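Have a look at the structure below, then the notes.
Chain lettering (A, B, C, D, E and F) follows the sequence in which the chains are written, and residue indices restart at 1 in each chain.
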Amino acid sequence: MFSYQKRLQYPVNIKKKDLRMAKYIVTQYGGSNGELAAALRYMNQRMTMPDNKGKALLNDIATEELGHVEMLETMVYQLMKDATLEELKEAGLDAHYAEHAKALYPTDSNGVPFTATYFATTGDPLADLAEDMAAEQKARAVYENLIDLTDDPDVIGPLLWLRQREVVHYARFKELFEDYQKKLKNGANELPKGEMPLMKENLKGNFYPIGGDTLVEQLYMDNNFYR
Amino acid sequence: MFSYQKRLQYPVNIKKKDLRMAKYIVTQYGGSNGELAAALRYMNQRMTMPDNKGKALLNDIATEELGHVEMLETMVYQLMKDATLEELKEAGLDAHYAEHAKALYPTDSNGVPFTATYFATTGDPLADLAEDMAAEQKARAVYENLIDLTDDPDVIGPLLWLRQREVVHYARFKELFEDYQKKLKNGANELPKGEMPLMKENLKGNFYPIGGDTLVEQLYMDNNFYR
Amino acid sequence: MFSYQKRLQYPVNIKKKDLRMAKYIVTQYGGSNGELAAALRYMNQRMTMPDNKGKALLNDIATEELGHVEMLETMVYQLMKDATLEELKEAGLDAHYAEHAKALYPTDSNGVPFTATYFATTGDPLADLAEDMAAEQKARAVYENLIDLTDDPDVIGPLLWLRQREVVHYARFKELFEDYQKKLKNGANELPKGEMPLMKENLKGNFYPIGGDTLVEQLYMDNNFYR
Amino acid sequence: MFSYQKRLQYPVNIKKKDLRMAKYIVTQYGGSNGELAAALRYMNQRMTMPDNKGKALLNDIATEELGHVEMLETMVYQLMKDATLEELKEAGLDAHYAEHAKALYPTDSNGVPFTATYFATTGDPLADLAEDMAAEQKARAVYENLIDLTDDPDVIGPLLWLRQREVVHYARFKELFEDYQKKLKNGANELPKGEMPLMKENLKGNFYPIGGDTLVEQLYMDNNFYR
Amino acid sequence: MFSYQKRLQYPVNIKKKDLRMAKYIVTQYGGSNGELAAALRYMNQRMTMPDNKGKALLNDIATEELGHVEMLETMVYQLMKDATLEELKEAGLDAHYAEHAKALYPTDSNGVPFTATYFATTGDPLADLAEDMAAEQKARAVYENLIDLTDDPDVIGPLLWLRQREVVHYARFKELFEDYQKKLKNGANELPKGEMPLMKENLKGNFYPIGGDTLVEQLYMDNNFYR
Amino acid sequence: MFSYQKRLQYPVNIKKKDLRMAKYIVTQYGGSNGELAAALRYMNQRMTMPDNKGKALLNDIATEELGHVEMLETMVYQLMKDATLEELKEAGLDAHYAEHAKALYPTDSNGVPFTATYFATTGDPLADLAEDMAAEQKARAVYENLIDLTDDPDVIGPLLWLRQREVVHYARFKELFEDYQKKLKNGANELPKGEMPLMKENLKGNFYPIGGDTLVEQLYMDNNFYR
């Protein structure tokens, strides 16, 4: 179960309202690569990890991501709370105001509501951890975009901290991915999938290469007309 | 921020696998009236409540609902974890297996992924609390449906407890709704909306009644052809 | 069945184009708390209401909401119909123009298409009526937001009238909710759900309180760091 | 505005419950090619039709489709209302029961909620009428599928009648499409789009044909490996 | 299978960045009436066409539409690639930047992600071809809207060419629709649906006309209050 | 541009109808981890890869995935084409029949329509390639689930081949990921993101650890109550 502690995981004290920034940051809350997707991804995957180490890692990072969700909510709230109607109009948040006034709602920056289709669970530990590593990389990239979009140190501070946490989580997931991969090669049977032979004979005879080349040659071929 | 305690809020120990029940219970996790929608609804609304009492109530119930999410996850996991492929096919969970094996994923009982459109935030405390009261009533109704669908006391126990929590939350939200409503009548100006005059003159002259009757008569009129 | 009468339920005669207002008002047509969601919500719920009074009330208000849908369509159409391409660009309706020219389409103010996930039906009369009361409160709140966003009396007039209708509908739903609740306590058996004992013994022994406090104390505790 | 008449457009009196049929028919209510999509499609398109004839045709058929929605609701309700829990389980409606008990809800046969993305409005009368003709053809096809799935004359009767109405509507839309097309050729300027020259010179020189053939030859070429 | 040829189907060489135009054009890539929907629509329908001519036509046009998708991707990319952050903000593409930087993503102009609900497949060749004719008309209309929104000949050129292709495809689909319709009248039994008698007797006695008029009279009646 | 070659990339010749298998395989076409998502993911990402090698790799694999889409379409079609109505009912494909007859449509195994939210594009080459590696792992896992669900060698053959292709693609994406990562460390400036200092000082002083432990200790802690 979860309990609540009356503090944020990292302090957020934004003094200057900035509605456009509120609009951008919301995507890291309720958007495709955001913290809500991350928290739910790990909260779902943890139960089918093959050992306690995996269950614990997913559980702990899920808990931390819930704290990140709250930090982003707080950032959006502080950036928006003192705005006048005129300022909301100028920032393009009038559409948000019509439906939600100044209340929070998990969407991307275009106002598209959060959906669980942003994340996947497969029950395969390697696939789930690859998904998690990707999630952390994508979140890192979005934090960098968000940092590009502001000059306010009160906003940059928490964003930099959050970005750094993604880097740490990525490293943890990678460690576990490689650990599971090794066990698999050693024949450890707690990992039910992935041991199938590579079926090289399947690549012979029946396979039609793409574009008139053999596949290996074709990969890395130059492709420059749309630059 | 949230911290994790290594126990469930109420114990779940299901000994008998029951895949159809797993399929039903998942809707109270990731479906329209489920606990994930509830937790996110309150986690979003809390910040724009007009006073500390409101913020705290929403915050605390949001935290509890996260624990309910985890209980439901555990129920689904325990009901499903020892199933054979044949049993999954018979229970109609083969479609789930193809995509997720036995991993959890927040959907309704038909497999439709969770979406934030299941809940609303308006920034108006009375509207938000009415939404919350409705959410608790709907969750109560779904728990009753779920209890109808099983005979296993290990499943009924946690469901009854969860249903009871919805009844308690409903009472708390109602209390606060009525408290805010009273303040509004007393002219308390911390509630920004709802004080507009009833504009009775707007109801005269221009209004076209429905169905040839006056509106008041028409309401409650008998309508029995489709029974 | 429905028949059509060649008038609007309340007259709409907007003389001044206002594209931003068109963009806001559309949310009360096709958005989360809008009239289309309301009409469909009641049209679906009516058939499983437990008596004729309930069926009729839902049916009649559903019919009226269809008329509100049409009023909002008319408002959006009139606000937009004489706009030049330049004006559409300035108002942020160029995205709408690319796909729909000046045709209507039911979305929220961000352009997210209408979805039935905005409303719920449970077959439980108390849960359904609580959902309906919430719907009317939310629609009232959005009308107040919309009124905030304009100064044109030709726009404010119909919005005020529509808001007032929500207040009336809320009162009707509340009346019926309380009537059904009473019948339930009297043991009336036409209401199939909700009679289950409160299961107080479930609250003892097994329950882990949140945050180190008893639940009752914790509710209403102060929570002020994110203000 | 719409008013309600206390009868169905065509009588529905189904005496034999049939839950699987309920599950199929719901798609013609809330699915991709269903009557709710049709009613909303026409209700949106009518306002931007170029003349009164177009506005009236769309308006009237929209009104009729609302009556079809109600007929389908009644069919689903009657097919389902006397079912036991066991029967709901056997028919695969247990997933519906968990969330909705026996209440109606607009989905397709898989339980996917209705979305406005099922229909389009373009503001171009020829494009909108082509969309409408397609809608009527698709609805006709689904009615034929539904008729294939049952032997009950009480169910077939209304389905046949509804199918026939789609044939009539298709004919009306086609008439109007051809009428507008003719006006366009005559240079009538109430149709703002479609007069652009065919730009034949654009087809010369720069165009890369698909598959090594000229486009005209390639069309209709045989393609039979996946039969 | 598909192979790739290192050229665009029609050349795209846009020299002047134009971010608003990038935002509009994306809808013809990932929006409701766009080329991705078209390509997938035909790629799905082709397999159940009743003869080789139908299969080939759908297959070839599907292949061409994939090339159109790529042209639109290239247009969006070229219009956006040299933009500064400030320019992205002014054009309202800052919301896109937060999530995607300058990467492509298939949405409509409001940023709503592509969904397969934009198109339908029925297995009925007449219904499917009517859907296809509508798709081509709608795409034509959107291209005309897009051409309205720019003055840059480098942008207008490819848009005009693409619009022209829709006109050609519409003609091909119409040809095939009429061909299949004729076969149907001749009693050709490769078309399984649509031969059902018109059931005229179903129209007598039981049918309640809309609005107090006979249906035929009512169609085309004047309806002018909302102009 | 794409051209079409009249063969499948790998032959599909299924002689025995198997409707449940058709229902499972469709998820690898239109589901969350499927080939359509893969093809579109790479087709979007390719244009913002930082060099020709990256553009070419994404382009070629996108093209191949389009061929996989077609193979899966063919498998679903062959598994379903000779089914009777009774067989469709038994296999739970009656819901599909009501809407689509035997036509293809891209959904997951529960019938949820394909959505672009299944994949992400960030414009950051490392994040995009991590997403791609995850996609290949997830697709591999789903192919293994599908192989578990059948005994027909005509079905297993193509599935094994497709699974093997995912393994190859994963290796290619990993190679490129590591290549770009190295360039980044060498200060190559064609990669615009990710060079930000780790901001270790951000981890001191202000950070509240989760659950009373230091973060490092907490990771990997045992968590075993829900097993």
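Quick notes on this structure:
Everything that follows uses one rule, which is that contacts are C-beta pairs under 8 Å (C-beta built on N, C-alpha and C of every residue); 3 or more make two chains touch, one makes a residue touch a chain.
Since the model is a prediction, treat every value here as computed from it, not as a measurement.
Note on connectivity: the fewest steps through touching chains from subunit C to subunit F is 2. Using mean Cα coordinates as chain centres, the one most removed from subunit C is F. Here subunit B and subunit D face each other with different sets of residues for the most part; under half of the interface numbers are shared between them. Taking the mean of the C-alpha atoms as each chain's centre, subunit C and subunit D sit 26 Å apart. Centroids of subunit A and subunit F (each the mean of its C-alpha atoms) stand 17 Å apart.
Averaged Cα coordinates give subunit A a centre that lies 33 Å from the centre of subunit C. Touching two or more other chains at once are residues 1, 3-5, 7-9, 32-33, 47, 59-60, 63, 67, 70, 73-74, 77, 92, 99, 101, 107, 110-113, 115, 117, 122-124, 141-142, 208, 210-211, 223, 226 of subunit B.
In summary, the structure contains touching chain pairs A-B, A-C, A-E, A-F, B-C, B-D, B-F, C-D, C-E, D-E, D-F, E-F. For subunit F in complex with subunit B, the residues that touch the partner chain are 20, 23-25, 27-28, 31-33, 92, 108-112, 141-142, 145-146, 148-149, 208, 210-212, 223, 225-226. Subunit E makes touch with subunit F in their complex at residues 1-5, 7-9, 30, 36, 40, 43-45, 47-48, 59-60, 63, 66-67, 69-70, 73-74, 77, 99-107, 113-117, 121-124, 128.
Listing the residues of subunit F that touch subunit D in their complex gives 1-8, 12, 70, 73-74, 77-78, 85, 89, 92, 94-99, 101, 107, 110-113.
Subunit D meets subunit E in the complex at residues 5, 7-11, 32-33, 46-47, 52-53, 55-57, 59-61, 63-64, 67, 115, 117-118, 120, 122-124, 126-127, 130-131, 133-134, 136-138, 140-142, 144, 147, 157, 160-161, 163-164, 167, 172, 193-194, 196, 198-199, 202-203, 206-208, 210-211, 215, 218-224, 226-227.
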